[in-house]
Structure formats: C-alpha cells, structure tokens
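Shared chain: chain A. Partners: chain B in the first complex, chain C in the second.
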Partner chain A sequence: MSRRCTVLVALVVVCAGAELVAGRGMSPAAVGDVLAGGGTSTERHILFHLRLPRMLVALGAGACLGVAGLVLQSALRNPLAGPEVTGVTPGAVLGAVTATGLGLAGWESPLAVVVAACLGGCAGAALLWLLAGRGGDDPARTAVHGVLVSAVLGGLTAMVLLVAPGELGSVVQWLVGTTEGRVWQHWHLLWPWALAWTAAAWLLAGPLTLLRCGDDMAGAAGLSTGRARRLALLCAVALTSGAVAAVGALGFVGLLVPHLALAVFGADLRRSLPGAALAGALVVCGADAAAQLLSRPVASALGAGSLTLPVGALTTCAGAVLLLAVVRRAPDRTF
Partner chain B sequence: MSVHATTHDAEPAARSGRWQLPAVLALLAAASVCALTLGTPYVPLHRLPAALTAGDGTLAGIVVGELRLPRLALALLAGACLGAAGLVLQEALRNPLAVPEMLGVSSGAALGVAAPLVLAVAVPAAVQPLLAIGGAALGGALTLLAAGLGRSPSAVLLTGAAVAAALQAALLVLMVMADQLDLQLVYRYLLGSLSARTWEDVTGLWPWLLVALPALVLCAPVLSVLRLGDADAEALGVRARRARSAALAVAVVLIAPVTAVCGPVAWVGFLAPHLARRALPAADAVRWLPWSAAWGAVVVAVADVPARLALAPVETPAGAWTALLGVPAGVALMRSGTRAPKRPRRRPRGCSGERPPAPGRDPGTGRAVPAVRDAGTPVRRTPEPSAGAPPGDRDRPRAGAGAPAPAHRPEPRSEESR
Partner chain C sequence: MTESLGITVEGVHFGYPERPVLRGVDLAVRPGELTALVGLNGCGKSTLLRLAAGLLRPGRGRVLLGGDDLARLSRRDTARRVALLHQSAPAVPGMTVRQLVRQGRYAARGPLGMLREGDDPVVRRALRDVGVESWAERPVDALSGGERQRVRLATALAQDTRILLLDEPTTYLDLHHQLDVLRTVVRLREERGLTVVMVLHDLAHAARFAERLVALRDGRVVADGPPRDVVTPGLLADVLRVAGRVGRDPEGGWPVCYPDHPLPGVEYENHIH
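== the complex of A and B ==
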C-alpha cells in the first residue's frame, strides 16, 4: 500500500521534472544551471515565471479532475460517469464562455469566470438529470444521454462563440484544454478553490464509500443517502468548474483517472481519493510533458512552424482508448 | 391472426399518418417562402416570379436566383440525404440512437475535408467528396470494428462516442494549427453551415445521388427484414452481415458528399427518422424511408431560416440550430413514443393483474435493448382477442420506433419462452 503510494509520488515528481525541462525555450542543461543559481535573467524568467506555474497548474487541475471523477462515479454508482459525459464539463465551458462573451467576466475578474463555470456545470448536470431521470440504474443509458446533453450544450457554446467571436483562437485552445501560457495568477486562483473542495471531498469519503455499496446498504448503515449524494455532486461540480476555468475542458481525465485510482488503491475512498488526486496530477502533468516533447517532431513532420499540441488532445485520445476498454470489459453485466 | 385484429391495427395507423403529408408540404412551403423572400433585400412574394425570370438583370434577380435559390436547393438535398441516411443507420443497427454523430461518421468526414484545408494542400473540388467518404468510412469502420457488430446498442453508441471524441481531438489539433482566417472558416464549416453556397455545390452533389439512390431503393426492403434480428433474417434468406455492411456503405455514401459541401449538419439524421416513425408507427422501413428523407429536408430548410435571419448581420451555422432544436425534439419524441403504449386504447376483457408499465423506461437504450431481444417475437399483432391477450404483450407492440416491423409468423413465441 505505502509502496504503491511512494511509487505514484515518485512518478508525479518525475513527470513534474520532465515538465520543467521539456519545452523549446532552453535546454535541459540550462535548467540545471538556473536551479543551481546561475543562468541569465531570461532563463530565470522562463523557469520561474512560465514553467513553474504551468507545472503547478497542470498538477492542480489534474488532481481536481481526478477527485471530481471519482466522486461522481461513486455517487452515481456508474463506472462510465465522469464530468465529461454527465454534462458538467460542457456546461462549465458554456458558462465560462457566455460570461466572457457578455462581458460579465474576463481576465480582470477571474473569480467571476470560476463562478460562471460552476453555475454552468450545475446547469449541465441538472439538464442530464431532467433528461435521464433520477433512475440511473443503467450506466450506459446515462452516459448516452450525457452525450446528447453535451451536443446541446456544445451547440449553445458555438452559438455564443460566433455571436461574440472575440479571440476565437485562444478560446479554441481552451475548448480542447491547454496549459499553454498559465502564469502565477492562474495558480493563485486555482489552489484555494481546489484545496477547499478537495478537503470537502475527503470529508465525504466515508459516506461515498457507503454509497458505492448501494442505497439500501448505505441507508441501513444510517446514512442519509439523498443528502450525501447531493453534497457529493455539488463537490464534484465545483472541482470540475475550477479545473475548467483554469485549463479548459481537458477531455476524459475525469473518466480515466478514477479507474486507475481504483485499480491501484482499491475501493475504500479514504485511500483512493488522495490516490485519485495523485493519479490525476500524474496523468495531466505527464500528458503535458509528452505533448511538449511531441510537439517538435510533429511540427517538423507537418512543416508547421510553431505548432504546440494542446494537452487536451492527448488526454482525449488516451481517454477514448480507455473508454473502449471499459465498454468491452463488461459485456454482459451492465451493457 | 384474425382479420378483425389486422384491420383494427391498420386503421389508427392510417389515421395518424394522414396529417403527415399536409404537415410536410406546409412546412416546406413556409420554409421555402421564407428562404426566398426574407433577408436583405426583401423580395415580396408576388415579385418572385418576375425576379426569377428577369435573371441577372436586376439586383433582386441576382440575389434570388444566384444566392437564395441554390441555398434552398442545397438545404433540401442535404436534409433529404441526411434523413434517409439516418433511417438506414438506425434500421441497420436496430438502434434508435444510431446517428452519424454518434458513430464517428460525421467527425471522420469533417476530418477528411478540414485536414487539406488547414495543411494548405491544394485539392481539386472533385476529390473533396472522396476525401470525405474516406474519412467517414474510416470513422464508421473504426467504431464498428471496435465495438463488434453483434454487440448491444449501448455498447456500440459508447464506442462511437469514444471514436468521435478521438476524431474531434484530431480536428481540434488541426484548428489550433490553423491561422486566424482559416480558423474562422474551419469553425463555421465544422458546425455545418449553408452560407455562400452556389449552384456549383449543388451540382456537385448530383453524381453521388445518382449512385446512392438506386442502392437505397435496393436496400430498403432488406432493412425491414434486418429489423427482425439476425437469426430470423438469415432464416428468411438474407445474409445479414453482408446486408448490414451494404446498408452502412450506402449511408456513408449519402452522408459524406453532404458533409463535404456543407459540413456536418448535426442531428438531422436523428430527428427525421423519429418524425417519420411517429407519423406512421405501423409502417416498415420501406415506407419510412421517403418520409424520413422528406422530414430531413424540412428540418434543414426550417433550421436554415433562423440561421440566416436570427442574428441578422451575423450568420449563425445551421448545424448549431439543428443541434439545439433537434436533440431535445428527438428525445421528446422518443420519450412520448414509449409513454404512449402505457395507455392501450382498448383493454382486453377479463384480464386481471395487469402488469404495470415499467416506470421511467428509457426512450433510447431501454427500448433499444428489448428491440434486439424481442426481435423474434411477432409483436405487433396481438393474439385472438377472445383469448384474453396478456396485457404485457399488448403493451410492447406500441413501442413505436423500437418495435420491429409487423411480421406474420406462424407461431407466436413469447419472450419468456426463449
């Protein structure tokens, strides 16, 4: 148990290190130089004001998404639930884009973006709840309805984007999820929110573990299931919204990470919730480092000068593969 | 199978189907008039013939003849293709949610078109549909291979969602690579837009339609047999796998050229078949097919009016409107389709202990799964009325979209006996 945790922490540290040395601006040797106290002022600026916050934001957003996914899957007892397929992420994107388009929020008022994303996420989840009903006894059905809800919300987002085009380029980057150009302000906004709601999620770990056993058992054990589930959903929406406001709609992280965490740490959420946070940070940070390392050969192969692969593209592809695996693995039981 | 039961079943079907033709015609006429007259400049209805005959002479003539008319024609053609393709997909996979968007077909086609545009590879216009077809076939084949053909509808849909997401990620990478001007173009194209399409685009569609139409006519009867389930279809002499692949190929040929010209106009293939089924619940695929095409044309033509006019100086893409209006409408149709059977019109006499209808039965997958399981059951015809049909069996036939086509089979087997 503790060995697995140690391995995971070590992996996170390795990924964070890779994230620091990956990138175009300076060579790995220069990074070591700067860390040793040397380097020119430009190099110091790159490392301490661009790469370090970027790494931290990636770690924090990944942890948020991982915890949110695990909370959602446990509360809904649905292995296919994740912020992306329950309408939370598209709703959060819609909320943030609308608020920015209407001029209610912007880079000057970052907290408003988070609040708008949170409202949108709640609206998306409520829409799914209206559509699929409270039942939720068939996980695949809920997921399919989630795809429909995402389509509607995506249409609305497109409408808003076309009416108020603004900077379509940066918004598109954000739609797919990117850690490009994240600075200390983003981090200062992300960590209090993430810390507060992760703590809330951890306090809910016991009730969530009971919820995983089914409503009857949880009720027999003295848990008020409805209230626990509502609190858990609120927590998941808030965590997702924070991550979306910081890095955009990273595809499938919230779906992929909980499976990883459960496989490594088992079904006791008091252990696997921190595990999911670690795994989420690992996945996002590793994907970001891989995206930066991959960007150069891809750019030279396609002949495009300054191509940067958005990290969301990588996580989406990995998540798609994992979704296939999950769907195929349980052929008779649930599908 | 009594004659009485048959006529009684046919009569409400005919009654409910009667409003379909006037509805389609009225909506088509209204949409056409709006598409031709409204806008800047406004051309009143009584001046339309004059403007059309005047040709290039006047401003109104040019606007109507060279801009609005081809756009309307393209909307009708594209909608008809998408509606027909949607029905073919849904029938072939026996899944009311099998739409191009959910199977990765649309995303694949869009990828095939957008990639050369962004990578600045010069492609002659004639090759573009081929690229779209390649991408669409790739997306669809990937989904079906990954899911396996014989698997349950939900699994196919989820696999399709995963494949579509991966293709979308590739598209987004392309969009990130594009410069600002290309990005606007690609973004509008990806949402499905009909703006600034000319007669050339319309004529580009014709060759593909000439290929697809005979194939469609040939495969329509097979579709109604495929509904019964693979085993029964084989027993009736249809090679089910081959027939299904052929049907999917037809759908790809219908979808890809449309996507090449006006982008993935979303969810038309979802809404149109459900409208057609709703109007004629008792019919089979052969009769649904033309109506589905008609409804598709109506949906796109109607959606194009707000796309052109709602936010007047800015054009909104028609695909966004079809997604916004189509998904809720389709889901509502599916829901009411499942709810309706809970109130059978005539209760059989002497039946006690009626099985309560399953509460909160899901429209999509909840019905789709029984549709596969029930495929062998002759569901539409109830047994002899005097025998006191079990109400549970009576409930199922009205399942609307999900219910297999009427099948005359010698001996009714019930689901439980399997």
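== the complex of A and C ==
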C-alpha cells in the first residue's frame, strides 16, 4: 500500500517536472540554468511567475476533480457519476460564464468567478436532484438524467455566449478547460479552497465508505444516510466549482480518476480519497505537460505557429477511451 | 454484553392509507428470546423488523427497546442497541471481508473514529464468531453466497448489540449453509444471551430452532407461542395458505410439517401423530 503511494507520488513529481520544462519560449536547459540560480530575468519570470503557478494550479485542480468524483460516486453509489455527468461541472461553467458575461466577474476578480461557479454547480446538482428525485438509486437512470441536465446547461451556456460575447475570448476556455495563463493569483485562491474541502471530504471517509455498502446496511449500522449524503454532495460541488473556476470544465477527470484510485487503493475511502487526489493531480498535470509537448509538432504540422492544445481537449479524448475500457472490462458487473 | 434487552411493539400501524402494511401489531419479545417471524410475502414481516431497528417510524403506536422509545433515540444510539441483517445487500466492488466487517463499528466509533487505523477486539471477535478470520483479506465479491452471508452476519455482530434482527438470513443458501448460519445464530445467542428475532420462510427451520413463533397475516399477529403449540394444520392453512399435515420429530419432539400433503384431490383425514 505504501509502495503504491510512493510510486504515485514519484509519478506526480515526474509529471510536475515535465510540466515545468514543457512549453515554448524556454528550453529545458534554460530551466536548469534558472533552477541553478542563473538565467536571464525573462527566463526567471517565465519559470517562477508563469510555469510554476500553472503547474501548481494543474495539480490542485486535478486533485479537486479526483476527490469530487470519488465523493460523488460513493455518495450516489453510482460508478457512472462524475461532476461532468451530474450537472455540477456544466452548472459551474454556466455560472462562471454568466457572471463574466454580465460583467460581475472576470480576469480581474477571480474570487467572483469561484463564487459564481459554486452557485452554478449547486444549481446544476439541484436540477439533477429535482429530476431524479427519490428514484435516484438506479445508476443508469441517474446517468441519463445527468446527460439531460448537462445538455440543457450547455445550451444555456451557449446562449449566454451568443447574447453577451463581450469577454468571449476569456470565457471560451472554461468550456474546454485549460491551464493557459494561470498565475499566482489563481493558485492563491485555489489552494485554501481545495485544502479545506478535501479535508472535509476526508473527514467524511467513514460515512462515505458505509454509503458505498448501500443505504440499507449503512442505516442499520447507525449512519443517518440522508444527512451524510447531503454533506458529501456539498463537498463534491464545492471541490468541482473550485476546479472549474480555476481551469474550466476538464472532461472525464472526475469520472475516471475515482476508478483508478479504487483500483489502486481499495474500497476503504480513508486511503482512496487521498489516492484520488494524487491520481487526479497526476492525470491533469501529466495531460497538461503532454498537451504542451504535443502542441509543437501539431502547430508545425498545421503551420499555425502559436497554436496550443488545451489540456481539456486531451483529457476528454483520453478519458473517452478509458471510459470505454472501464465499461468493456466488466460488461455485467453489478455496480 | 451485560444484560439482555427486550423489544416491545405497542399498537403499531404502518403504511399508506390505501395500502396499510401493519394494522395494529402488539408484540413483546422478552430479553434473550429466540423468536421466528413467519408469514406470506408482503405480510409485513420485514417492515416489522425495520420498525424494530428504528429504520422506519410507525404511523401510530411505538416501539421500545428495553424501555427506551425508539422515536427518542438517534440513529447511532439505536444502532448501538440493535443490529439488523437485511435480506440482501448490493455488491461493494473491491471491499475485503475485514473492511466490510469494520463497517459494523460505525455506531460505536462515529464518523471520526472510523478514520483511526486498526480493528478493535470486537471486529476480531466478530470475524472469529462466524469462522472467517482466515480469509479476512479476501474481497467480498469473490466469496460464494454462503460465505458472503457469514461475512454479513459478522458485520451485524460487529455492532456488538444485545438485539439481533435477521431478515431471511437463509435466503439463496443451500441447506448446508442455511443450517450453518442458523446454528451460528443459536450458538451466539446461547453464549451471549442475545435477543434474536428472525424472519424465516422455512417453517421447518422456524419450528426447529425458535423458542417462539409469531405468525403474521395481512399486517396482524395471528398466532404467537412455542412452535409445538402454534404449528398446526390450521396455521399452515390460515397463514401460509397451504394444505398440509403436521407431525413431530421422533427424537427432538419439535413439529415437522408435511406441506401439500394430502395431495390435492385425495381425501385424507387430517391428523397429528
């Protein structure tokens, strides 16, 4: 168990390192120079004020999404639940986009974006709750309702973008998810929020493990299932909204990282919740590094010099493949 | 495990106006008693167990555990007094036997206590009680039906309660494993003076193992007493809606049922050996 944890931490460090040396404008050798204390002031600025916060934001957002996904899947007893398919992520995107479109938030006021994303995330989750109602026990039905809610919220987001295209450029990236241009200000907003809600989620590890055993058993064992589930959903919404406000709607991370964490760390959430945080950080940071490394050949192939792949595009493509693998691997598993 | 607790059910009604499930049930289960609940599907047996475990609230009437009204106890306080083994449970992918049995400690330890490492002696005892210590690290999903049922029984035992409620603990099991589970329950009840109420579909098991048999029909208690007094052809006809004869085990003296006997269309005189 501790060996798996060490391996995962080592992988996270490797990905973080790759993230620091990836990207244009600065060669890996120059990064080494700067870390050794040398380098020009431009290089120092790039590394310490652009790449470092970007890496930290990627790690933090990934951790948030991983934990949020595992909390959601456990609380709803649904392996197909994830922030993306329960209306939380699309709601948060809608919130962020609407607030920016109305001029209430923007680059200058990231805190307002977090608040707006949170409200939107709660609204999305509430919408699903209303639709699914008490019959939210069936994973497939919840997934279908989630797709409906996500489609409606996505449509509303598109509508806002059409009506108020003022800050369109800065807003579009929430739709795909990108770590482009994240600076210390974003990190300073993200980490206290992420730390507080991850800690809250971990304190719920006992009740969440029980909820995974089904409401009948959890109730008989002494858990107030309704209250525990509401607290867990609050944690999941808060974590997702924080991540969306920081990097946008990164596809499939919250849906697939929990499967990875459970496979590696087992069904006891005391271990697999921190595991999901590590795995989420690894996936997003790794995907961001890969996206930056891929951007160069893709850009030169297309002849578009300044093209950069958003990390969200990569996680969505990779996630779709992984999701197929998860579903294929166990076609008749009773979840 | 100091003294045992009894269960008192007073005038309990439960259900919906158009579909009442229980219509005025009175039942006093004495401390340390082994009671079997029998009746047709949908007669309210499982509902009665859930009410006694505090998982449902009666529409009218009340349920007391050793003098405490369940309506005044919190979920956790209730679970420290009474454990309920449900009829079926969903699969929990990836969970080991020890992890599942640990879940029974929630009421005793609380949400933050569950974060502590290590098992307490009660978990080890519960694993030993049902004889599964040797495969405590195996995943529950990989077990056979009989093994899984023993593990679930251990989870209920890990609550360390004086009252144990079992909802059809032998469903889906072959005869060998049915007897295995029932003997374990009987042994633990004798060792620790547990109060046990179990829903059983097999009248033979109820007559063999229970001290007291309570029959429900349409949400009411229609028979209540020791199996040798209660199990009669009349009970078979009224409660289980089968024609049949009742004999006695030649050695133990407990009632033995011969359901669907006489065969339909053949005239016999119903008699008791």
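By our rule, the second predicted complex is superposed on the first by the 329 of 335 C-alpha atoms of A that agree within 3 Å, B and C clash if a C-alpha of one lies under 4 Å from a C-alpha of the other, contacts with A are read in each partner's own complex, and residues count from 1 in each chain.
The rule is simple: a contact is a pair of C-beta atoms (placed from the backbone, for glycine too) under 8 Å apart; a residue touches a chain by one contact, two chains touch by 3 or more.
If you're wondering where the values come from, they're calculated on a predicted model, not measured in any experiment.
Novice: Clash or fit: chain B and chain C on chain A?
Specialist: Chain B and chain C fit side by side in the superposed model.
Novice: Going by the contact rule stated at the top, is it chain B or chain C that touches a larger number of residues on chain A?
Specialist: In the superposed model, B touches more residues of chain A.
Novice: Which partner does A:Gly222 reach: the first (chain B), the second (chain C), both, or neither?
Specialist: It touches chain C, and chain B stays clear.
Novice: Looking at the overlay, what does A:Gly103 touch: chain B (first), chain C (second), both, or neither?
Specialist: After superposition on chain A, A:Gly103 lies in contact with neither partner.
Novice: A:Gly214 in the overlay: touching chain B, chain C, both, or neither? Say first, second, both or neither.
Specialist: Second partner only.
Novice: Of the two partner chains, chain B (first) and chain C (second), which one does A:Gly37 touch, if any: first, second, both, or neither?
Specialist: neither
Novice: Taking the C-alpha centre of chain A as the vertex, compute the angle to the C-alpha centres of chain B and chain C, in steps of 10 degrees.
Specialist: Computed from the C-alpha centres, it is 80 degrees.
Novice: On the overlay, how many Å separate the closest CA atoms of chain B and chain C?
Specialist: In the combined three-chain model, chain B comes within 10 Å of chain C at the C-alpha level.
Novice: Show me the chain A residues, by the header's touch rule, that chain B contacts in one structure and chain C contacts in the other.
Specialist: On chain A, the residues that contact chain B in one structure and chain C in the other are 335.
Novice: Chain C touches which residues of chain A in the complex?
Specialist: Residues 77, 79, 202-207, 209-210, 212-214, 216-224, 228, 262-263, 266-268, 270, 333-335.
Novice: Provide the residue numbers of chain C that touch chain A in the complex, in ascending order.
Specialist: Residues in contact with chain A: 53, 55, 74-76, 78-80, 83-86, 89-96, 99-100, 103-104, 106-107, 109-115, 155-156, 159.
Novice: For a test of understanding, state which residues of chain B touch chain A in their complex under the given definition.
Specialist: 97, 101-102, 119, 146-147, 151-152, 154-155, 157-159, 161-163, 165-166, 168-170, 172-173, 175-177, 180, 183-184, 187-188, 191, 266-267, 311, 314, 316-317, 319-321, 323-324, 327-328, 331, 360, 362, 364-366
Novice: Hey, which residues of chain A end up touching chain B in the complex?
Specialist: 80, 85, 131-135, 138, 140-141, 143-145, 147-148, 151-152, 154-156, 158-159, 161-163, 165, 168-169, 172-173, 175-176, 251-252, 302, 304, 307-310, 312-313, 316-317, 319-321, 323-324, 327-328, 331, 335
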